[in-house]
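Provided herewith is a single structure, encoded as structure tokens, for subsequent inquiry.
Letters A, B, C and D mark the chains in the order given here, with residues in each chain numbered from 1 onward.
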């Protein structure tokens, strides 16, 4: 299974002051997954096999529900290439 | 597992005249899945359990690769509520 | 300026029971704009010149703030073709 | 007008080897705009007033058409708060 990139933006439907703590918990869960990831201002992008990436997305939904966001809207982007795609091939030239 | 909504926009990275035939194949695959779905101008939205919806997303990536789109960008939105969410609760008042 | 398609998903960061009333107000504003539009379960898609479509997006942000959503996350998709693109060329075959 | 965040993912509908050169040109245009921005693996996020951000989005569409992408799909996210929102308030704790 090729390596691909998946971005996840989690938008919990909660009063505003509760948004960042919930997002932080999701990012902590991603960090624990041991996948390569980059936190951005609007989404966190991960690199790995699609099955593993999709598992993280599923876990994120359940986690939000568990910690108080009865409803959550997520925006996910997948960059899939049969031969694999890496974050580095896209980012290397823009790293400072 | 609660019923939720998932929207899928598939953007195959191919010469323009090949885009619609590939998207049509993905929509045909969704239709065969027997899930409830609505085709829109920018995405197809499905309703079902998250596991089943995610399987369709995975299949879509592989299908595109199989039919000639070596690379595909996808945009997915999930509307998840612990108690379930339906397309009808959002759309009923706007149906003509 | 070519005709293009723009989809708008508005996610007001408010307690859940306030979400639909705010989204309804945004859709009402779109309806008043006299542009061609289609309401979907996850986004509303409009057709028109890019300048007009972008004005609607800007108005939507301000409107949400005015009616009580101090913060709003929006997801916008643009389908732009130099020669113009219509919702009908994508949807006609899927209309029942 | 409050400062907000806008992310732009540009997906030119062209043969794959032409994608990165076109995306690079869009990022160069963003850099020239003198707005604060962060390049990510799936999108570039900018910070500024909504009018200025929307102008960049419009320019990006025209630029892609000018340099050979007759058709382009874009995914845009806006994070808008009546009192302003910064990338730093979201990113500071994740910077290494």
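Note that contacts are C-beta pairs under 8 Å (C-beta built on N, C-alpha and C of every residue); 3 or more make two chains touch, one makes a residue touch a chain.
From a predicted model like this one, the values you see are computed outputs, not experimental measurements.
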{"item": "Reaching chain C from chain A through chains that touch each other, fewest steps", "value": "1"}
{"item": "Chain pair with the higher count of C-beta pairs in contact (C-D, A-D)", "value": "C-D"}
{"item": "Centre-of-Cα separation between chain D and chain C, whole angstrom", "value": "19"}
{"item": "Chain C, residues touching no fewer than two other chains", "value": "70-71, 73, 75, 77, 79"}
{"item": "Partner chain A, residues of chain C touching it in the complex", "value": "11, 13-16, 19, 70-71, 73, 75"}
{"item": "Touching residues on chain A, where the partner in the complex is chain B", "value": "4, 50-51, 54, 57-58, 61, 64-65, 70-83, 85"}
{"item": "Chain B residues touching chain C - in the complex, by the definition given at the top", "value": "5, 7, 9, 20, 24, 27, 38-43, 45, 75, 77, 79, 87, 90-91, 93-94"}
